[in-house]
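One chain, subunit A, appears in both complexes that follow, with subunit B as partner in the first and subunit C in the second.
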Partner chain A sequence: MELDELDRDALRELANVGLSRAATQLSELLNDHIEMTVPLVQVVPYGQVTQALQLDSHATVAAVWQSFSGQSEGTSMLMFPSEDSKRLVHALVGPSVQEAGEDDLRGIEHEAMMEIGNIIITSGMSVIADMLGQEVQMSLPGYMEGTLPDIMAQRSRDNAGLDMQAIIMFTHLKAVQREIEGRMVMLMSVDSVQVLFDRLHKLLRGL
Partner chain B sequence: MLNSLNAREYTQRWKSGLFRTPLRIVVAVGIVVFTVEFLLMTLLHDVILPLTSITVTDRIWSIVDAVMLVVLVSPALYFLVFLRMQRDFAELTRLFANLTDTLMIGVLLVDTDLRVHRWNQWLERKTGISSQQACGKLLTELFADFNSPRLLSAIELCIKHKSPQLISQTLNRYVLPIPLVSPMHDLKLMQQQVSVSPLTNSRGETLAAISINDVTESVAKSSALARLAAKMESQSNRDQLTGAYNRHFLWSWLAPQLRQSVRHSQALSCLMLDIDHFKRINDTYGHDVGDAVLRGFAEILHEQMRDSDILVRYGGEEFVALLTHADAAVALEIASRILERVRTTAIAPLDVGDVRCSIGVSSWMPEVPCSAEELLKEADRRLYHAKHNGRDQVAMGQ
Partner chain C sequence: MKILIVDDSMTSRMLFKVYMPKDGEHELVEAANLPDALEKMREVQPDLVILDYNMPEHNGVEMAQAMLGEGSKAKFVLLTANTQRTVVDSALAAGFIQVLEKPVNAAKIAALLAQVA
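Showing the complex of A and B:
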């Protein structure tokens, strides 16, 4: 579908508002000043997602996902390079991680990343749901670790047979003097994306 | 999935259930139907028709009778089905209400104001608050020390955006302050892993369904394991008899410490200490006394050193003290103090003055850096000089 600069900018602005809300929540939870921004938004057909994400296909990625249903169906995923997410959790959870052994560490990382991802995805999806003017029901979050192709293969099994498009929000998270580049991917039907941008158009014209 | 399964099961149930409706109800409904039909037909035949001039043949009369019967039987059947459905609904509701009580997790329903709408048996057991006491109350009323901004925001996100929220033990520890009946290690409150999910009724009102997993035991277990690991690590780094570090630790500590000294241009000094005539003590008094002397000697050294310094048992009766931020003058002062303390202390079970020591001092200076090996070798050389010059003294280079 054709998107002009204005549409993408508008969505990016809305996403920034949504994720700054998530940052406030995270700051409170983690007792640390956290900033989140969305420098770039892209809309690509499902087949081009892997390429558009600009992630090394051999590197391990940590992904938190929540599927949604209702009038629109699909999956929202938040991805961070695995090393970054590990370092982030270590920095945030600090001493309790240092105390724990190697095996414990993985459990702690998963749990913490799942909660952090949960908050960020909820904020991102609330922006989309508001734009769609529809109520979407989200599932509980899940956690995956693997290379990007692995993760996409896993998720496409769940969304097989649907004509999907992906809204990709590049996210920039700043916490404990670290900066982490993440990607939030919202896979949804072409129709839903169309509705979303129609409403965005109306909103822009209204302004 | 669950819903469709229930619907299918449910359709089958009321179909077969129609025939399982108690006989007395079916008979009663039948009697009502036929009585009403008889009364209506009588009314029609004896009251209404005589008022009009219509004549009705027997054939038409029986058709009217049949139609009337069908019209009356249909709602009766409908009524029977409705009755059955209602019973099933009631049963299903009761089943689901009981289901939450059979779960081994805490389940509660709250609205945005934090008012409790359901409180399962697990929570009754763990908190000592009955369902009756809890329902209709605010969470803040039930727990005076309730303080979980994360739960508040999770409930809001869950109800507003229909997105379930996970609240991990790792980042939150717990959401409801539930005291443990028997505290585990240093844990006094139940550690919880919580999820908050939206539950919307037919009127569109959404409640937050909170499920609470008690993970106290696994948290206690992993912290016990962590403590054990820390203890084992400390044991592998330390000498069992004196509590001083071992040689293995010395080298792993010294290399990064020297790098830091280079970075910050700080001095570092090394004392090499040896108990004079230790073999004689061992031979005269036995190994037990020898061990006690080693322990007492290490104790005196520890007393004279600062927190950032480390003491290493380098060999049998040979110790190394590494002093951070200490140049030659400071090192000499500390060494002299140690010498004096050893001379004037009764190291059990020997008398004052029975134990003496010799000390070699070397210093690492930013202006004349050297390797860790050279630093120790120089201290060893100074110690040799001290021994050679009559023992019970401190020796250092320029």
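Showing the complex of A and C:
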């Protein structure tokens, strides 16, 4: 898909607004100041997502995803390196984790990550929808821990048959007391990406 | 009223312009970074400066401090979706009169301009 400079700028601003709201939510969850870098945005074919995310393909990643539907449809994913996700969970539900037995620990971590992901993804997607003057419906969150190729293979099976593009919105989120690196990715069909750009162009023309 | 909007995003500046009242009473000047903003500030002496928070090199609060250091008498408003308490507190401490939450729309901008007028 060919993007001109205004398309890229518009995507960066959507990412900036969505991720800024997500950082605000994370700050409230952790009661900590979250610094975020200016987001980087790329649109890549689905098959190039693993490479574009610049994650070690052998490293374990914790991913939360939610499907969205409305005028545009797709999946939003929030990913943290596994160690960062554990820091997040401990910051949020530390006392519960300390009291839990080994068997319960993973369950608590999964539940906490889905809740954190749900809050961050939903707030980010809602503000993007507001900006576009659109409605968005979000599914329940899903969670998976594994290597990035494993996670993308799973999502690929769920989206089989669709010509998918990925909008990668990437920022470093850094809590004052905890270094956390997050990535947010939107996976959309080519048709849905086109709907999003059409809406952006109309908005910028004041329609 | 002369308004200077400073945002590295052309989209954000365009959206602000799209939603501004078309009453002929407001003049909007744009800047994308600190040197550009300082130059426009000297040229037009704005009454109101709208500053994005999350920009490369300098955030909106740092830019306001630089503009105040050069003697600007404008009122400052921070434009951001990052409404963390620490961000809002730093803006208010730096002399901003308000935080305008992104995304903007016609009603938010009209309310802001009515308040500032």
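Here is the rule we go by: the second predicted complex is superposed on the first by the 169 of 207 C-alpha atoms of A that agree within 3 Å, B and C clash if a C-alpha of one lies under 4 Å from a C-alpha of the other, contacts with A are read in each partner's own complex, and residues count from 1 in each chain.
Everything below uses one rule, namely that a residue touches a chain if its C-beta (ideal position, glycine included) is under 8 Å from a C-beta of that chain, and two chains touch if they have at least 3 such contacts.
None of the values given here were measured: they were computed from a predicted structure.
Asker: With both structures placed on chain A, which of the two partners, subunit B or subunit C, ends up touching more residues of subunit A?
Answerer: B
Asker: Looking at A:140 after the superposition, I want to know if it touches subunit B, subunit C, both of them or none. Which is it: first, second, both, neither?
Answerer: First partner only.
Asker: Given the touch rule stated above, what does A:190 touch, subunit B (first), subunit C (second), both, or neither?
Answerer: Neither: A:190 stays clear of subunit B and subunit C.
Asker: For A:203, is the partner it touches subunit B (first), subunit C (second), both, or none of the two (neither)?
Answerer: A:203: touches subunit C, not subunit B.
Asker: Between subunit B (first) and subunit C (second), which, if any, makes contact with A:17: first, second, both or neither?
Answerer: Only subunit C is touched by A:17; subunit B is not.
Asker: Quick one: is A:9 in contact with subunit B, with subunit C, with both, or with neither? Answer first, second, both or neither.
Answerer: second
Asker: Give one of first, second, both or neither to describe whether A:34 is in contact with subunit B, with subunit C, with both, or with none.
Answerer: A:34: touches subunit C, not subunit B.
Asker: Touching subunit B in one complex and subunit C in the other: list those residues of subunit A.
Answerer: Subunit A residues touching both partners: 28.
Asker: Under the touch definition given earlier, write down the residues of subunit B that touch subunit A in their complex.
Answerer: My answer: residues 149-150, 153, 157, 160-172, 193, 195, 197-198, 222-223, 225-227, 229-230.
Asker: Using the touch definition from the top, list the residues of subunit C that touch subunit A in their complex.
Answerer: 8-12, 14-15, 18, 53-56, 80-86, 102-103
Asker: In the complex, go through subunit A and note every residue touching subunit B.
Answerer: 25, 28-30, 66, 70, 92-93, 96, 99-101, 104, 108, 111-112, 114-116, 118-119, 121-122, 125-126, 129, 135-141
Asker: Which subunit A residues qualify as touching subunit C in the complex?
Answerer: Within the complex, subunit A contacts subunit C at residues 6, 9-10, 12-13, 16-18, 20-21, 23-24, 27-28, 33-34, 36, 38, 127, 130-131, 200, 203-206.
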